[in-house]
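All chains are identified by letter, namely A, B, C and D, in their written order; residue positions are counted from 1 within each chain.
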Amino acid sequence: MKKILNDPFAYVDETLEGLCLVYPEYYERTGTGGRVIKRPGPAKKGKVGIVSGGGSGHLPVFTGYVGQGLVDACAIGEVFASPSVEQMVEAMKATDGGAGILRLYGNYGGDTMNFDMAGEMMEMEDVPTTTVKVTDDIASRPKTEIEKRRGVAGIVYAYKIAGAAAWAGKDLAEVTRIAQKAVDAVRSIGVALTPCTVPQAGRPTFTIADDEMEIGMGIHGEPGSRRGKLLPADEIAKEMLDALQADRPVGKGDRVSVLVNSLGGTPMEELFILYRKVKEYFDTLGATIVMPLVGRFACSMEMQGASFTVLKLDAELEELLKAPADCAFWKVG
Amino acid sequence: MALDKQSLAAGFARVAAHMEKASDHLNELDGRLGDGDLGVTMLRGSREVAKVLPDLPDDLGKALMTCAQAFTRASGSSFGTLLAAALLSAAKTLKGRTEAPWSEIPALLQGALDRMMALGKANLGDKTVLDALAASIKAMQGMSDPAAMASAGIAATETTIAAMKDQPNKIGRAGNMAARSIGNEDPGQVAWLELLHGVKG
Amino acid sequence: MKKILNDPFAYVDETLEGLCLVYPEYYERTGTGGRVIKRPGPAKKGKVGIVSGGGSGHLPVFTGYVGQGLVDACAIGEVFASPSVEQMVEAMKATDGGAGILRLYGNYGGDTMNFDMAGEMMEMEDVPTTTVKVTDDIASRPKTEIEKRRGVAGIVYAYKIAGAAAWAGKDLAEVTRIAQKAVDAVRSIGVALTPCTVPQAGRPTFTIADDEMEIGMGIHGEPGSRRGKLLPADEIAKEMLDALQADRPVGKGDRVSVLVNSLGGTPMEELFILYRKVKEYFDTLGATIVMPLVGRFACSMEMQGASFTVLKLDAELEELLKAPADCAFWKVG
Amino acid sequence: MALDKQSLAAGFARVAAHMEKASDHLNELDGRLGDGDLGVTMLRGSREVAKVLPDLPDDLGKALMTCAQAFTRASGSSFGTLLAAALLSAAKTLKGRTEAPWSEIPALLQGALDRMMALGKANLGDKTVLDALAASIKAMQGMSDPAAMASAGIAATETTIAAMKDQPNKIGRAGNMAARSIGNEDPGQVAWLELLHGVKG
């Protein structure tokens, strides 16, 4: 394991400590064990709160997207592990402005069980809450089981759009509808070249040969759809774009936003090389790319690889996508 | 006497005391095929609950909710979450009441079981705590004495554990090693047994 | 070599192509072989032009810092190789607003020879030019040969400060003075954990054992000051901070800005873990950290490792550091 | 006749024609210990220069500057940059003049040599193009006929190449393998020889 860290069991807490020291204007630590990150100051009165949560090791996801026009609070688990119910409840309480709370998170077993529980607890205290789970990874399940798909980088779009709706003062039902609409419009697929190492485990999450890649692999190393020889960038891009296109076709005149995301270890140079092909692909389809995002948005620490996320827009989604937002890792407007 | 704030607090206090002794064994059982944290979950969880017992609200719903929240403070592991869900299910049913007859216990447990199944997406027969709980409910049916109920539950759970020992686990971490789980008592079922022992005192 | 690319010989051009497709509002390609990136539109009349250049593979350095209040144009070489004289001349011509041009680049042999030549060519055309070379890497030479030190991540501060001065309308002599002042005030040191691979070479730039790190290594794999067992994060941080402190002491009441930079492969989590120690160190000295920067600013593709850069501020430098700036990779104000 | 726009253009045209034949050999020499791009540098560079010859300005300074810029268009390698620096040094000296006597050539070359040394930070004796240039200047001293100067330079360069062949290179890529460079002619010195052959025609 080649990582710059101290005690592996302090990895998450020290990360959060550093994060808040660098950006006190964006992030405030609270909750049991300091495992809730919220926007500084009190919850905004009358605004629907948006709460997320999940395992660590994915920065900027999930914690990094706490900010104006984005997420209000986030509960943080160990690397690749769910936060506890208690921490989720604390995140919701920290962001309760009296207008209800949307739980918006990636579809993973532990997170779901805990967030459901946490939601019931809030309801016992008469705080209305709703749930929208992000299920964008097309490689995780066939289209017939779409609601069981796991969530990957597409959550960034869900945060942005739901966040803008809540910031604009829409009510809980409306924010929930819009968040679900964003989830329905978003699809992702990834390719992994190398594994990463969970600090407490001390060994790579999976093994893969020096000349191999795995298309469709999940951000925790969950099996993908195809393992094979490492292909040239343009061929990798085409294979992933074809898969996305088969799952949810984009056609002439459509407007989409595209996120070309590094899993962490893959450098910006390679993302730009991939983006050429993405642009060409949508040009050929006659579709327009709006606000392309290229960079590290949802990572798996040092894992090499990349993912593509396509968000199909309509007027409502596009307006919300372009609305101002501000966190340490992403500024819009 | 009936189920109220006092008897609830007394029951949880007995469970907490019992877990101080039972947790090592649960860790050991869970460690055979799982991650060995079940005893820790139960011990830390019930210690957290013990802390809130002196200040429980009169409303049984709120009281159970307070206990559920305290339990989850310690842990994010499966059994802890399922147990909290069970408490929360009872809390919902009892919301607004300060007292409930003992005879309502089996129905409360049935509600809890339903909630745990909905939450954990497991079925009866998967060799989990659910099977022990289901058997306990059946055995308690029609009773109204809490001690007798606990005894009936203990007997039913012991029977279940013994009967399922040589079946494969079908869910959770141990479920990933279904074949190797044959011959092992399910740790969650044993945790339920210890809970009942604690309640009975 | 595990990289997402097509023809290794097209690596740089495809990277630039993608960069400009993603950010047409920030970057425009021009020059021989498209190896100059400039701000879109004509040079700003009456403003001192700031031109940089260097090898590829360091994104966001150098190209990424073309933007308002930063660099006006950049000449781009192959991975880790100098751009040509012609490309440098083109970069300068693209940014000639009639007020002269500052060449601001990292101190490497090939770049220096070519930039000197290019400067003479501009002077033949009666365009006044000056040179400031960034020499922040304390591990590359002893203090007695300070002007021979190579440039690493400190260039980011030099860009920011000189860029703000030029944007504010200061003349060439003044912009040059301020750029040199920034260089004099900045010091860096890095630690490398893994090598990277130059696409055209196809093999790692150096080898290092699985449990080793090298303190002071350069961003192209130039030898550092000490190779040894990988230490805990806090000890690595302390060793680097002590070296910086020995080279240019920071004391009670001083104000500094600090850049904790990933060499590419090292994830954000680890940078935040390092930053805790940085903050503690300067707190103990009684110094104040202003505008800390944590992230990927000057990389070596997928190389794992990190660098610390300390900029000692005075009122003039601090004002310029905080002035607005805008490029795709960095927004201030 | 003297050095002016016409004679300058004619000389560069002869060099460009000669490089079409000489470049392979230069690549081969540079490839033994260097990166094998010297012939490519000379060929592409002089082809680029050839393109600008029809439109050279009258001002000799501007004309030489145009040639220097054209040469660097093709390459960022060391010899190309050094040669461009040499041309630029002459351009600076001749700026504003449309004619110069042939007798000024040795002084122009000395200025170029100084510039190349300042730029490349190498010294005489390092077994580089500098040694060939220095020997050529010495041999041309006091001459005023261009053909005779070229011949003298060729002879002096040949002597230098032969004399230094068995010494180690001390600078540049080949300098990294000083020991292995013994026995090899320095490619930059040979490139200078070919340049003079081209000029002479």
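Rule of thumb we're sticking to: a contact is a pair of C-beta atoms (placed from the backbone, for glycine too) under 8 Å apart; a residue touches a chain by one contact, two chains touch by 3 or more.
If you're wondering where the values come from, they're calculated on a predicted model, not measured in any experiment.
Put simply, the chain farthest from subunit C by mean CA position is B.
Distance between chain centres (mean CA atoms), subunit C to subunit D: 35 Å. Put simply, the C-alpha centre of subunit A and that of subunit D have 60 angstrom between them.
The touch graph of the protein chains shown is a line. Inter-chain contacts, as defined above, occur between A-B, A-C, C-D.
Interface residues of subunit A facing subunit C in the complex, by the touch rule stated above, are 2-6, 11, 14-19, 21-22, 56-57, 59-60, 191, 193-194, 210, 230, 232-234, 236, 264-276, 279, 292, 294, 296, 299, 301-302, 304, 306, 331.
Contact residues of subunit B toward subunit A in the complex are 61-62, 65, 68-69, 72-76, 78, 80-82, 84-85, 88, 91-92, 95, 119-120.
On subunit C, the positions that touch subunit D within their shared complex are 32, 77, 81-87, 89, 110, 113-114, 116-117, 120-121, 124-125.
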